[in-house]
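One structure is given below, encoded as structure tokens.
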Amino acid sequence: MEPINLSEKITTDILRPVGITKSFKIWMTALLVAFGICIYAYTLQLRNGLGVTGLRDYISWGMYIANFVFFVASSLIGMLISAVLGLSGAKWITPIARIAEIIALAFASVAGLVIISDMGRPERLPNVFIYGRIQSPILWDVTVVTTYVVISALLLYLPLIPDLAICSRRMDTPPWLRKIYRLMSLGWSGTPEQTAMIQKCTRILLILIVPVALAIHTVTSWLFAATPRAGWNSSVFGPYFVSGAFVAGAAAVIIAMYFFRRNYKLHDYITDSHFDKMGKLLVLVSLVYLYFNINEFLVPGYKLEKAEAKYLHEIFAGRYAVLFWSAQLLGVIIPIILLLIKSVRKPLPMMIIAAFVLAASWIKRLLIVVPTQEHPFLPIQYVPQNFKFYTPTLTETLITLASIILVLIIVTILSKFFPVIPIEETINELKHGDK
Amino acid sequence: MEDKEKPKTSRRKFLENLGLLGTGALAASAAVYSGYHYEHSKNKTGRKIKVLTADNQLAEVDAGSLTISGKPTLTALQMRGREGIKHRRWVMIIDLSKCRNARKCIAACQEAHHLRPEQYHINTLQMQESEKTAPFFMPKPCQHCDNPPCVSVCPVDATFKRPDGPVLIDNERCIGCRFCIAACPYSARSFNWIEPKFANQDKGKTYDVELNVPQKKGTITKCLFSSDRIREGKLPYCVSACPNGVYYFGDENEDAVTNGTTKETVRLSKLLRDNGGYRLMEELGTKPRVYYLPPKNRLFPFPEEGNIIEKEG
Amino acid sequence: MKKYGLLILLLIIVVRLNAQSWEVPDDKKAKVSPVQFSSETAKKGEVIFLRNCQSCHGNPTKGNFANLIPSPGDPATDKFQKQTDGALFYKITTGRSPMPQFKDVLTEEERWQVISYFRSFNKNYVQPPVASASKVAAKQAALTVVWEAASRKLKVTASDTLKRSLKGVGVLLFVKRYFGNMQIGEEMTTNDSGIVRFDFPKDIPGDKTGNLDLIIRINSEKGDDVQKTVRLPLGVIVDKPPLTLPRAMWNVVWKSPVWLLLAYFLVVIGVWSFLIYIIYQLVKMKRRAGNV
């Protein structure tokens, strides 16, 4: 096959789904309607206060914070795939690196909004910048999430520049869109100087994102670990959270890979071999996560200190036992066993397993946040029954749903207007492979 | 003038040349300066207000130091609330052997601070350390720790430790993140989940950080050691409302505490020494300013389920 | 649970038996009111009672007193009415667990008003003759205070307006504290020369210069006590810094630990200088492409 024809084919294949299609319009309308309903729930919360949620004085962090932790966790995958694997020279990640970056950017930027939905006085957000106390882990979180969003955006954008130039030259795109592409391609013409610059900057970002990504989730874990509460007062919380984050992120990427491959007809680029490799990666990160789970629960479970014992009893055999064990079994242990079988590491079964893993990751975050608060050191007395246990309300659930819908909207838009697979890089790799 | 301008412009150029490093240095110096500025502006808001004096002279005063016909402004109250009372270190002693759960302290507190019945600055808990040990009632206000975990985690300096001991909350600044609730091992804080009880009645009142009234939706509310009362030389609301002589309150620097019921003033050190005083959860290193005297000679029958409020107020 | 309840009941009975006796010294029993009881004094007494006593003793005649050990009882019943005015006065004054003492809360006059209120529920009560003026016409007394440094004693001389020494007078010494006066030692009675000497402790904290405000009072039964305040440097010098002085995690931002300030700003500046550099490179690329 002629190299020129080949690159022509690649370009056409990858760019086929780009642009406003009918299915895109239907999908977006559905998303926006759902989002609108959820936003109405938020206006209720704005008007009536956080009392519309199931949160009360003792269990004052619930679904919102768990969802925030989950979002931050899922966004970490961008770093693992692009930076850790990329820098170590794994070539197979090229077609999925951008998918991972899109997911990272979507989750990280919405995480910031999620935290605002948990605030009693969202209009006072500027106070964080006016009166910020750098001793507060919240300030570290704000700093590091902002930084991570910027790095993720740059890491998505930089390798995209050559592709944008290609897009702007495509005749079948509406003129206004081509203009945007041209503007965003920053006058890219592929000169050696430009290539060198992009390569150098990408490399800086890939190195920079490793500590920042570790920091973003470690700091999030410190929101809990920095308090003297039983169940949170743990020194392995940082790595425990980070390892859990890779599990959630890998699952999210597998799901995204499945749907992009199917809906955008990218079977030639996202191959079974990619799923096989992602399956192995998920096993690896799940094993690390399992190791930290054992650390996190076995050590206090062995000693059974007064407050810890109450909390552990609640999640092992009490109110949260069913949720806890199903999350551990369906979300960690069974997926590890299944994914060790080669015939399971195929797109559809993997997508289903990943869906379980992702759901379990979300529930696990809720189990980290809530049960600890239901068992403070001093008894909860002389309060209404709904102060003693946490039950999320519909309003609260809708507001949480809004954030998930927003992630879908962002992922859809990014993947609809920009090629989800790097064109230039794929062509280059094939050329080099031919030689 | 020109001579004065020159070094300035050259410095600006210097900064420009430094580029990135300069931006960083600026950020750092801004942080340092804001600290410096804070110290110097503690008594000033920088906002000037023109006032007419009694002899018809127009004077310009700082907004922070201005009080209108005896009523201090919000800024003045906020500043006063942060400064505290000089040379004092307030302490509270709770004698568990005397508490019989009259809950007068709670009623007085909730009335003074315009709280709902389920919102506690102070609550009396039914305690039993282990199966065979005697049950007892334990009044639990904020412990006003000298190493307060709640203040450490506050992102906006809304809750703060005062030089004289109390941990206060500024409802005009609180963003409602509830990190302090999560961090407090004593469950001492409460939140205004819905519109406060007296929201309509308190409309237009100037917010007093030492009384925490009016309460504000979406912000934290907590025990203040009745800072407004101690400023007037009066004992806190809960302390003076107790009919059983449970509470002592006073100044650690004076080594004296006064009983709220009997009004007897005794030596703090002697009281703690003679009765085996202790603090709650010493092992957490929070260094509370509230001391407890052990629940010896427990003779009151302990109710089985307490008169727990089951419905939401 | 039944077993537990029985145990409590048993406990209550045992304790009740033990707690019944509250001995009042005979001379205190014999004490009589200097105030003539009237409906007016009873009214005043009621106000005081509702404020200070009702939470345990309930409303007289209603029997709604609190379930405590020993039982507080209803003031309208025989349990109270069979006691002398002096005995009631003594009990209100001194208290015993769980009844608080009221000597610093109510003046003597107020305590008598409460008793007057109690007696209003007893039709058979006849007030004994009102006590004549107390042994000391306190209003006319004068106090001189001398600090004897060598023996660390505070010498107080009580005399009347004609500079005759007052003997046999009860004198109390207090130190002024923020919420009330703290008594030093016990009440002392003047000798023949009208003199008392108080041992003064070494370790009472004073202000920044060690000054203490001392209050010397002659106890009178009618409430018109003579009191003298003197400021003497007898205290320990206390100049503790404000609690917010040290750098700490909980302090304001400019008083946060130095290592934290440095670490935070160095990391933020370090990371963002790279990001700004990259953005600068992109802008440069755009600008060059535009020129071509």
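Miscellaneous remarks
As written, the chain order gives the labels A, B and C, with residue 1 at the start of each chain.
Everything that follows uses one rule, which is that a contact is a pair of C-beta atoms (placed from the backbone, for glycine too) under 8 Å apart; a residue touches a chain by one contact, two chains touch by 3 or more.
No experiment lies behind these values; they were computed from the predicted model shown.
With A-C and A-B as the two chain pairs, more C-beta contacts join A-B.
Chain centres defined as mean CA positions place B nearest to the mean of all protein CA atoms. Centroids of chain B and chain C (each the mean of its C-alpha atoms) stand 23 Å apart.
Centroids of chain A and chain C (each the mean of its C-alpha atoms) stand 61 Å apart. In terms of their C-alpha centroids, the spacing between chain A and chain B amounts to 39 Å.
In chain C, the positions touching at least two other chains are 249-253, 261, 268, 272, 277. Multi-chain contact residues of chain A (touching two or more other chains) are listed as 132-133, 135.
In chain B, the positions touching at least two other chains are 149, 152, 157. Across the complex, chain A is touched by residues 118-120, 123-127, 140, 149, 152-158, 173-179, 181-183, 185-187, 189-195, 217-219, 281, 284, 286, 306-313 of chain B. By the touch criterion given at the top, residues 20-21, 23-24, 27-28, 31-32, 34-36, 38-39, 84, 86-89, 97-98, 100, 102, 104, 146-149, 151-152, 157, 160-165, 230, 233-235, 243-245, 249-251, 253-259, 261-267, 297, 299-301, 304 of chain B touch chain C in their complex. Contact residues on chain C toward chain B in their complex (touch as defined above): 1, 8, 11-12, 15, 52, 55-56, 66-69, 95, 97-98, 100-105, 175, 177-183, 203-205, 207-208, 238-240, 242-245, 248-255, 261, 265, 268-269, 272-273, 276-277.
Considering their complex, residues 249-253, 256-257, 260-261, 264, 268, 271-272, 274-275, 277-279, 281-282, 285-286, 288-290, 292 of chain C touch chain A.
Only residues 132-135, 140, 143, 147, 150-151, 154, 158, 186-189, 194, 197, 201, 204-205, 208, 212 of chain A touch chain C when the two sit together in their complex.
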